[in-house]
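Notes to accompany the following structure.
Read from first to last, the chains carry the letters A, B, C and D; within each, the first residue is number 1.
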Amino acid sequence: MSGIFGAYSTTGKPVLEEAYLGLYALQHRGQESAGIAWPNNGRVNTSRGVGLLHNALDQQKLAKIAASSAIAHVSCSPLDLSQPQNILPLSANYARGLIALSHDGCITNLSTLTKQLEQCGSIFHSTTDSEAILHLMAQKAHMQPLDALVDSLRKLEGSSSLLVLLENALVVSRDPWGFKPLCIGEKDGTYYAASESCALDIVGAKLIRDINPGEIVIINEKGIKCLNIPNQNHSIRHMKCSFEYVYTARPDSIIDGRSVYEARKEMGKRLARKSPCPNADIAAGMPDSGTIAGIGYAEEAKTPFELAVVRNRYVGRTFIQPTQKVRELGVKIKLNPISEVFKDKKAVIIDDSIVRGTTARSIISMIRNSGASEVHLRVASPPVLHACKYGIDSRKEGSLAAVRMSVQELCENINADSLSYLTEEDLVAAISLPVNQLCTACFTGKFLPDDNSGQGA
Amino acid sequence: MSGIFGAYSTTGKPVLEEAYLGLYALQHRGQESAGIAWPNNGRVNTSRGVGLLHNALDQQKLAKIAASSAIAHVSCSPLDLSQPQNILPLSANYARGLIALSHDGCITNLSTLTKQLEQCGSIFHSTTDSEAILHLMAQKAHMQPLDALVDSLRKLEGSSSLLVLLENALVVSRDPWGFKPLCIGEKDGTYYAASESCALDIVGAKLIRDINPGEIVIINEKGIKCLNIPNQNHSIRHMKCSFEYVYTARPDSIIDGRSVYEARKEMGKRLARKSPCPNADIAAGMPDSGTIAGIGYAEEAKTPFELAVVRNRYVGRTFIQPTQKVRELGVKIKLNPISEVFKDKKAVIIDDSIVRGTTARSIISMIRNSGASEVHLRVASPPVLHACKYGIDSRKEGSLAAVRMSVQELCENINADSLSYLTEEDLVAAISLPVNQLCTACFTGKFLPDDNSGQGA
Amino acid sequence: MSGIFGAYSTTGKPVLEEAYLGLYALQHRGQESAGIAWPNNGRVNTSRGVGLLHNALDQQKLAKIAASSAIAHVSCSPLDLSQPQNILPLSANYARGLIALSHDGCITNLSTLTKQLEQCGSIFHSTTDSEAILHLMAQKAHMQPLDALVDSLRKLEGSSSLLVLLENALVVSRDPWGFKPLCIGEKDGTYYAASESCALDIVGAKLIRDINPGEIVIINEKGIKCLNIPNQNHSIRHMKCSFEYVYTARPDSIIDGRSVYEARKEMGKRLARKSPCPNADIAAGMPDSGTIAGIGYAEEAKTPFELAVVRNRYVGRTFIQPTQKVRELGVKIKLNPISEVFKDKKAVIIDDSIVRGTTARSIISMIRNSGASEVHLRVASPPVLHACKYGIDSRKEGSLAAVRMSVQELCENINADSLSYLTEEDLVAAISLPVNQLCTACFTGKFLPDDNSGQGA
Amino acid sequence: MSGIFGAYSTTGKPVLEEAYLGLYALQHRGQESAGIAWPNNGRVNTSRGVGLLHNALDQQKLAKIAASSAIAHVSCSPLDLSQPQNILPLSANYARGLIALSHDGCITNLSTLTKQLEQCGSIFHSTTDSEAILHLMAQKAHMQPLDALVDSLRKLEGSSSLLVLLENALVVSRDPWGFKPLCIGEKDGTYYAASESCALDIVGAKLIRDINPGEIVIINEKGIKCLNIPNQNHSIRHMKCSFEYVYTARPDSIIDGRSVYEARKEMGKRLARKSPCPNADIAAGMPDSGTIAGIGYAEEAKTPFELAVVRNRYVGRTFIQPTQKVRELGVKIKLNPISEVFKDKKAVIIDDSIVRGTTARSIISMIRNSGASEVHLRVASPPVLHACKYGIDSRKEGSLAAVRMSVQELCENINADSLSYLTEEDLVAAISLPVNQLCTACFTGKFLPDDNSGQGA
């Protein structure tokens, strides 16, 4: 998974520091590397590094550079990031000038593309999906860069929300299925593109709209121009990722027109209606991801809402090594239930989803030790039954709790008094996009037909 | 302000990694330095450093050391920490053996003590309050260390929650007024002392009790023994810090018998009764410190509670430099109100306290831009009118919003539709300790009589 | 200028640590970057970095890797080394497998080659000469790697001592003019290639012979095989660099059959015969590079030899910043003449060459201040009058002392009592290679005919 | 062993950068730590660190500080330098103001002094000899600092070349035996004190004279004033270290009136007369320390002098880890004999001294492998038979080659064709100081009478 951000100022204003701030708002989409690319006298410059944003990039140096267009990237890639060529944005200076690209997604026909390109003399320097796009363009040195790009995009299968920086333009495109979110905004003559609208908010830009699946938007000194990826062989069925609403995206983002906060709260409310917990004394979210659904649940169920499990404010800031002692103490290192709140209470706990189930078991045990008389778990999404082929993350199907156990077995395994999930129908209704525009494959297994042979990396 | 932690195993178990974890639970009490001291063959070893815990100390190295007693410290000291001798715990090997000490507090007669000690040959190596205690003991080389310590404690004015490590004992003491919290716990034959009970929770220890004001507890291989600081000239009036309940302490701590979470929620409820906000559509806490009072307020007022201002999860983990651009964008960098929640709503916002007032103004402005029709602010403590002389922090009286403006002026200044505070009576009632045992001097100016000439550092 | 080293074990022994040590012996040929490349399961791995060897590479990590072939490189390149792709060895995995290369030299038709390659789809990632060789090969994906390499070498103009690592072979080649030195050695079934024989000594290998100009040597599991670069259009006139003997190479190296130490001592002796300094009391070398010629001079002239100017042993180890104060104090920071030796003496100082003349002036001034009655300078090579086009260094012609001044003017400028140079004839005779096999272009301007338009980088 | 440097400007000029440069000239006396102390508004500031000068200190920061007096220190102390309080100069702000001190030497009655001071309340923070001097002064808070210092110096046994910085003075003193060198110089109203005169040369100062044994020189705004350490109980017998002339000092220093270079060359000449090597073809010094004696030897013996063993210029700059491979290759990593010079030659090698004998054996073996027909070793000092009690280094007596073997056995052990040493008489004559003013205890065992119980650290 990645977070991508681009900026193009039609009035010549410097944009690199805004790109840094855009990444700051998107840091939750990738903590392992960050990079920025910008044009400099006909060539492309980049600054890229490993780790969180401030480790990877130098904000103050960027603030002093006068580039008026840029693309930027945060990634949680499983690639070998000790090799700097694997850190996006990728860039090159080829026969037709500079090119740089940021890419959120997973190209499912990558190995075929790579072989074809190498036979024509391409040397691959990275192990990223994205480098194939560079070589596809370089092999078309006889075409204008923009034509070469459009021609290249037609060859890609899988998910691709893409920002391409050229000498005089920023190109923004979303694959024909619209797997990954991508939107554009504007402020004072500068155009922005971002994975989520929260990154437009941080720079004070106004959301214009989401990029349509299969659309190419070209931003240059004249403004915005839109194309569609031509001659696409695939029947266009939208596959917008439903897991963005469940977990991935920030609650303050609006994706394809729907507020993520509102969607999550609605998931909680619908969960309360279908899976009530009569006579519960308190309702609490599993920190941190279950809190919003928890508020919705509590409001609908008229159960008092409590911030009853305290998360150490320094988790992620002050690191704890996983020593033997730490493993013995478990989640207690990070989370602490408040005994005064739980003592002799029947508690209903709301989580956003269950992946492996290990954290749920630990927390429920801790809450029982705090004196709760009953602990009921409610999950604000359906059981996760399939690995994602389109780039959410790298979890394996065999590790998924819902694959290994029935709901009843899992309930016993985590030692809950009861366990219920949100239905697929309620999930779709809470997101409130048409069901045939959403990808729910990780819950339902409804992948695109051709993808069965693909790898779910 | 500091967080202090000590451990003494009567069964010879290693305790350094638990000390590290204890500090992790207390990190909110000091982010600028951290240190640990332990005995090693009759001498004292220390590991100390600057910054957050994991920058300052090496957990894995500590985990390998077999010391069965230790004291540890996190500090937000305003001292020059580039001088390592200013980082606590302080330690020395003097004529009677090893000594190390951790100290949360502020000695108000420090300059007098220093002059007397230097005339007798003492060389001060640090600019800490705490070093005077070391020299007071070293000058009594003819006495047993414990006698020398008791004799030394009598000479201190001001606040002193103190851990002293000797060759074969851990000494825990609280000054006669009990300004700063300090408690002890136990697990499997190991005794622990900590600023707050949340640090006992993290190592799985059971809270025994709080140290009494004026009490000295000696932990050694035989167990626990208690003394009182003898011959104290002062009339004993307890002065337990009420600001711990308002802001400083973690909500999952129990201090002097009272749950901080319950106290905060009760502050919110009392605020809702005395300062209602009729017909408000939503109630939200000022992130992060106002959230618990906000839940109490919403529950009492029967107003829907919303997590309506999103705090970037990476604040403090991914650093943003305060450049010109960042100053322009203001708190928006860290916080983002959710427009869908605020749009056309009458909102009541609950904060724990107002110190300078600048953040409140920024957030209210941001909430208005998100479309709120009215923004009312409720503060869950009385106006802060005095600098603290006992070591809460180093804020100057002139910078306090409530000193510079009337409530009405401040309400206009921050552009709220209305502004109300909790009363002192309700604060004391919410904490539910006897009023004559609480220090409310920062709200009321009721300092100890002798302290008028002291410095409020 | 660069130092290159390669190793191929026919018995499967690990060679990476020997490659590190080989670079250690060649460090004088390049202090700005270092790198090593080796094959790993059909792909190429590299370790590369900036600065001296131990900053750039990790000896202990390399020692643990079981690769039985490798190439290695130290460089004093003027390229932007903050871009890691500019650090040699360059490497790629292309359609026909792995390739890596180390290159000492300067390709004089680089810009023409680059344009042709980009039109065919090549993307250049570095600004090195050497990358063109990689793309020349990748564009020939239909040929065997070795054939593609031979075909590529034919297209190069300028100087190229080259090591190419393939999956199962190490290829060693020297351009048809033999500008840069390159030799091979052997020990216990492992073959080595190195810029200078001192790097064979350090690993205990025996020098087999120098590579002939225009020769390609292929080392694989079967041993050694030799080819010539075919169809070379140029008349073969050898151009072996004479400056290697004057300054560049280590005195313990043997280059093209001639001991550098012996050559330098002979330069000193011939200088003493043609340019005597009658009645000199002492002879001393300009530290460090003039010492060996100084010993030869003193021996021939029967003048007592003294190590009369002491060089601070920590020059280069303990860094001195060029502050105003340091500029005032000048070379005194690094060098100190011994007054007891120079006092009232007529001294003759021998240097290897004069480039800018500034150091000579400073040292002569310092020696006079030490009490010398006369200071005569003798230079063990002819005046340097031309910038090198073949990669010795990047000095500009305008900065050369001998271009700006006559010998008499320079003598006055540096305040010597007399100044003489070695003649070209004596230089050639001291090196004792046939005159038509040596490049003396920096002294004489006799460059290859086609090179007039080339760049002297 | 340490190198110490002090500066006091009577005209108010900044001296910190000169102190840095002074240490640069003295780096050979200590590579493990470096520090500088200077007065700042009545208090003492220090900058100290581990490793070579540029790792330990920041020249450019020091250059910006306007202090007109300072003391500085480099040390090769065996103390635990991870404890910064062990890095000299030591400093304190005590009842009578600031004090800092640099100390080259070894206090032989340290443990007695420490016990007395601790009984009076002193807390020791370091494990250095020098801290006792600070506490001796602090315990005399009723006396003027200068009087307290003089009184303190009387109590010290062993070697002590000392620089003491006070608020308005720099005090320079040498113990009554004069073990360690110490001299003063002047330039333009600034006075300097240094372990060796080469450090005066680097800042352009003129050597005034050596400090006399037992002398105290006070430098302040009025200039220089001299005292003697009063009431010294010991009969004054000078014990100036002869090993400074053999090995320790730089050849360009003048110590107690004698040029180190001249002394070394004379050692070589006397060695040639007493221990000739008839019909030797070449003479060479053992790099680096035997070179000057080698020149003297060759000149006297009329044998051609050759720089026949090349030392890698990057030894100490590019680090080599002592892996298994490196141990196998041995000294070859650093040194390379030139075969063309040694082939079929009878060689005489001159070394300054033999301590463990292991290096000699390795080099002789290497020279034989280079083709030498005979290898004769001549040592320009007597056999080292005793560990030093006065701080030269920390070698143990049991490790000394001459203790474990007779000359004949050692000759066989190192595989030399013959081996001879300089006599004590010739050593003294070469140094040309009166024999009763030199310490030759490491050769002869003639220590001071009281020192038998002392530790030779």
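We take it that a residue touches a chain if its C-beta (ideal position, glycine included) is under 8 Å from a C-beta of that chain, and two chains touch if they have at least 3 such contacts.
Keep in mind that this is a model prediction, so the values were computed, not measured.
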>> Once the contact rule is applied, which chains count as partners of both chain B and chain D?
In response: none
> What chain lies farthest away from chain D once each centre is taken as the mean of the Cα atoms?
Replying inline: A
> Which whole number of Å gives the spacing of the CA centres of chain A and chain D?
Replying inline: 64
> Which integer distance in Å separates the CA centroid of chain C from that of chain D?
Replying inline: 37
> Got the chain A residues that touch at least 2 other chains?
Replying inline: none
>> Touching pairs of chains, all of them, please.
In response: A-B, A-C, B-D, C-D
> Taking the complex as given, what residues does chain D use to touch chain B?
Replying inline: 84-85, 92-95, 118-125, 134-135, 138-139, 141
> What part of chain D is in contact with chain C in the complex they form?
Replying inline: 17-18, 21, 24-25, 27-28, 52-54, 59-60, 63, 198, 201-204, 250-252, 254, 259, 261-262, 288, 291-292, 295, 299, 304-307, 310, 312-314, 316-321, 323, 325-326, 329, 332-333, 336-338, 340-341
